[in-house]
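Once you scroll down, you'll see the structures, which are given as structure tokens.
The following pair of complexes shares a single chain, subunit A, combined with subunit B in the former and subunit C in the latter.
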Partner chain A sequence: MPVKWLMHWQPNQGVTLTTQILTEACQCVESQLGGAKDGRWKTALTYYRPALREASASGDLPRELLGVALHDQLGSYYFLLRAHRLILQADSSMQALMDKLQSYKPRVVLNFEGFQYRLGDFQVRVGKCVPSSEVLRGIMMEVEYLPLSSIEKSRQILEDFFDIWQDTVKKRSLPGHFILVEPNFADYGLQDHYTPQHTAVQYATCMTQLMAAVRN
Partner chain B sequence: MECVVQGIIESQHVEALQILLQGLCGVPKERVRVHELCLKSGPNLGVVPSEVRLLCDLAQPTPSWTVRHVGGAMRGAGAEQISVLVRTIVESKVGHNVLRFFYSLGYKLDHELLKEGFVFRFQRGAQITVTVTSANKMPKLYATDEAVPVTPGIQLVEITAPAAAENYSEVVAAVSSFCEYLAPLLHLSKPGVSMGIVPTAAAAAASLMSNSGAKTL
Partner chain C sequence: MQQPHVAVSGATPPQDPPDSSGATTEAPPKQVALAMDRLARAARLIADIRLGADHLLEALFLATNTPHHSNKTIELIRKEEASMRQHFQDLRALGKQLEDSGVLNGSLKSRGNSWGLHMPLVCPDGAVVAYAWKRQLAGQAGASAVDRTRLALKAFTDQKRRFFPHLEDEPFGHSHDGEFGVAKKQRTSQGLVTSHIEELNEVKTLSDILTDLENKVPNMKIFTYQRLDWLKRASLLSSSANENPVDPSKEQSMHNPNKLRSGSVNAVAVDKVAVIELLVPSVFRAVVSLHSAGSINPDAVAFFSPDEGGNYVHSRGLSVHYIFRRVTEHADKALQYFLSVDANTSLSLLLHWIYSYQTLFTKVCSKCGHLLMMDKSLALLLPPVRRPYRQTCTTNFNQSQLTPSAKVQNVDLNSAYHIGCSDEV
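Moving on to the complex of A and B:
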């Protein structure tokens, strides 16, 4: 499948995140880069915690389990245990199965959603990160290069796109900039050939970076 | 949800059962070789204990994994009156690292079995699956090549059919009706309700074998 890179908005120190940034980013894609709007998209990330009989005695149970439902893999579900560098691919019914087990309970759901655009060989998705509380937590983008599946082979092309994108956004004088999410795929045993598991790992990494940006 | 009945048959009569099933189903049998690992939640995990089964299909050239959770059976006066168990079931195909995943979550191996035999899958009022297997235990952890039968001379027959809340009574009827065809060879009942071996099984098996022999001539 085509390679995707994720990036997220890093606001300047002390600046509150607003949907204005999202509007401006979409306008950049449409007006400056000539992107054709192609529909909507939504990826959901669920943060699970172990249910313990005795709260104080968690032992060596993982403190978090992440579940990812990707917008372009509706029949699949991905579980990540970051502490163990483990990613499991499953059918979408796996969510219902975990619900039946009642050993890990969903605590927070983050929805990544927005519009997608076609720009020649690229498919670009611009969206917001919104928990169920509806408070805006982040702005992020997916840039997909359709002709290539090799991460290494597409690296230069995507870096060039990123440079063009940064220049385009800079002209709007917005209080922040986009940062590339750069997870270590090898940690999870993932290879150069791009797969949905790579995307799930990027979303998990993006979530951590978004949370850190909000705290700062 | 699924409808389930089970029964046991002596290994010496399995060939006759196969002939009967071949005639009834009209489809070829498929080989079954499944390594089943039953995992249970560790002592502090979950407000209530939980159990999950990992199934590794070893019959295909590339092993594939499924995870399965068997839920509670339907209850009530209606449920008691029917001879078929109706229970909730959730299954998912999963990647090869599923065992490491559940161990990392805090699940422990309770027991493992190697199930070998055959299966018929066909449509007859419902999507019915008839599995005939011997259950084998491993002397050493994961040692499927060294498995030995748990009950030598006896095999398990299981009939399942997927069902939904809207149609389970039709599925129950389809399964019950199919079970009647197998009555000469085996008793089929709800799991956990043991009916033993059919006394006329030997005669029925002999009849099936001799009929089959006559046909091939």
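Moving on to the complex of A and C:
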């Protein structure tokens, strides 16, 4: 599966996030890089909390379970336990099961959605992060390099792409910049060959960084 | 029903009378026979034209080599030009007749097998047979694309022998290694670069070349296949690429047990090797096909992503990725160059040159210093996809600094260029 890198927008100190940045980023892709719009995409990330009858029974239940539905893996659902560095792939019908079981309840649902573009051998997705309250929480990008699936071998290419992207965006003088999400795949036991699990881990890591950015 | 505007004639004289507006309808068998005959004549004319072009080229070469005989060559050229013109006119007339009789368009075919007759069948491999069953009787109906191509090539070679008898047979008809008849090339290319200056002049066998290569390329895997076996492997690649993740080291177990590792060659099997696969794991997969099985004559090369699989992954296929398409395009030129310089070393040079692409995703351009760059004309972001293939030629036999390891290539395999940064077209 082609290698993907995630990046998210880091606004400057004290600047609020607006959708204008999203529009500008899309324009960068379209006009400066010559991307062809390819469609829409949507990935959803859900925070689950255990639904406990008595507070004391929490014991060693994990406080937080992350669920990720990836836009390009509609048949699967990925669960992550960040504290334990575990990742699990399940069938997408798992969500319905969770609803019925009511053992873990979804507390926050974050939707990442936007447009996707094709730039030769690259596929770029630019989108916003909105919780169910529809307040803009973040802006992010996925960059996919189609010919390779080895993370090591594609590292330089994607780094170069990131540099080119940074330069392109700088010209628009926007209040902020994109940062790469740097997940530690080895912690989760993932290999060099890229898989959807890697993407799920990147989204989970991205969330942590986004939260930190918003808090500041 | 379409009325052919062709006059009836009993025998088929060399010149058909021009299209008459007589509404004579000929019986279908007659039409078909006429059409077949005209097609054969058209083929002959095309061959004559090719011959004429050859003559013209030779005349031009003669002219450059012996400038003081210019009058004679001018005469030759004029004569040739006149006869070519005549051939073209004849061909045009023939084409018109064929068109009018409905042969060149699909009208005859779309009428179906009218009048209960067998229409002559143009088989997928290009051979024309009198009726469809003939091929089936000959057991060729189920031929695969590879076999059909082989048959087409054989048909072409036969035609070549028929119409170009004065040309020596080039490697087409011969099997495996040995001296190749490059008589034609030598006759007309004396002034061109020759590169057999090095000590190791002898023609190597395929297994020598592959063993040599294996020792020099630590991270490239080399596999050899018979032609049909490669197609099976290519389809296997496709089905495995769809499961994720595929550990590259597991690919070993998917190999056809009949496939031969070049390190453990036995003489019989080398004769059948027609496809060489070069795999640098996670970087690229290159497929080279040899012209006749077991020979050292490469005839096509193509690059693919290591994750690609399917029926299109072969030496004349094209990758779905832009980067590998560009590399394949460049590789075509390199192959032609290596073949033109010295057919004997072309395979060895080609394989070494392919190996230089292991740095495709890491080596920066030797001119601009960047890895990824937007190619303005193609509007694509690409790393340096060009590796130089031209050899520096020397005619000085006494170059003592030519060590055996540097002998075959004076090619600079350490540089890479973006399409826009390289000097060549």
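Rule of thumb we're sticking to: the second predicted complex is superposed on the first by the 214 of 216 C-alpha atoms of A that agree within 3 Å, B and C clash if a C-alpha of one lies under 4 Å from a C-alpha of the other, contacts with A are read in each partner's own complex, and residues count from 1 in each chain.
As a convention for this text, contacts are C-beta pairs under 8 Å (C-beta built on N, C-alpha and C of every residue); 3 or more make two chains touch, one makes a residue touch a chain.
For clarity, every value in this text was computed on a predicted model and none was experimentally measured.
> Kindly classify A:Leu136 by the partners it touches after superposition: subunit B alone (first), subunit C alone (second), both, or neither?
The answer is neither, since A:Leu136 touches no partner chain.
> Just checking: does A:Met211 make contact with subunit B only, subunit C only, both, or neither of them? Give me first, second, both or neither.
Touch status of A:Met211: no partner.
> Just to be sure I read the superposition right, which of the two partners does A:Val108 touch: subunit B = first, subunit C = second, or both, or neither?
Touch status of A:Val108: no partner.
> Have a look at where A:Ala44 lands relative to subunit B and subunit C in the superposition and call it first, second, both or neither.
In the superposition, A:Ala44 touches no partner, neither subunit B nor subunit C.
> Thinking of the overlay built on chain A, is A:Leu180 touched by subunit B (first), by subunit C (second), by both, or by neither?
A:Leu180 contacts neither subunit B nor subunit C.
> Per the contact definition in the header, classify A:Ser93: touching subunit B only (first), subunit C only (second), both, or neither.
Once the two structures are laid over each other on A, A:Ser93 reaches subunit B alone.
> Subunit C touches which residues of subunit A in the complex?
1, 33-34, 119-122, 146-150, 152-154, 156-157, 160-161, 164, 191-196
> Subunit B touches which residues of subunit A in the complex?
By the definition above, subunit A touches subunit B via 50-54, 57-62, 65, 77, 79, 81, 84, 86, 88-91, 93-94, 96-97, 100-104.
> Using the touch definition up top, name the residues of subunit C that touch subunit A in the complex.
The contact residues of subunit C facing subunit A are 244-248, 281-283, 305-307, 319, 321-324, 361-362, 370-372, 374, 378-383.
> For the complex, give me every residue of subunit B touching subunit A.
41-48, 50, 52, 67, 69, 71, 88, 90-95, 97-98, 100-101, 104-107
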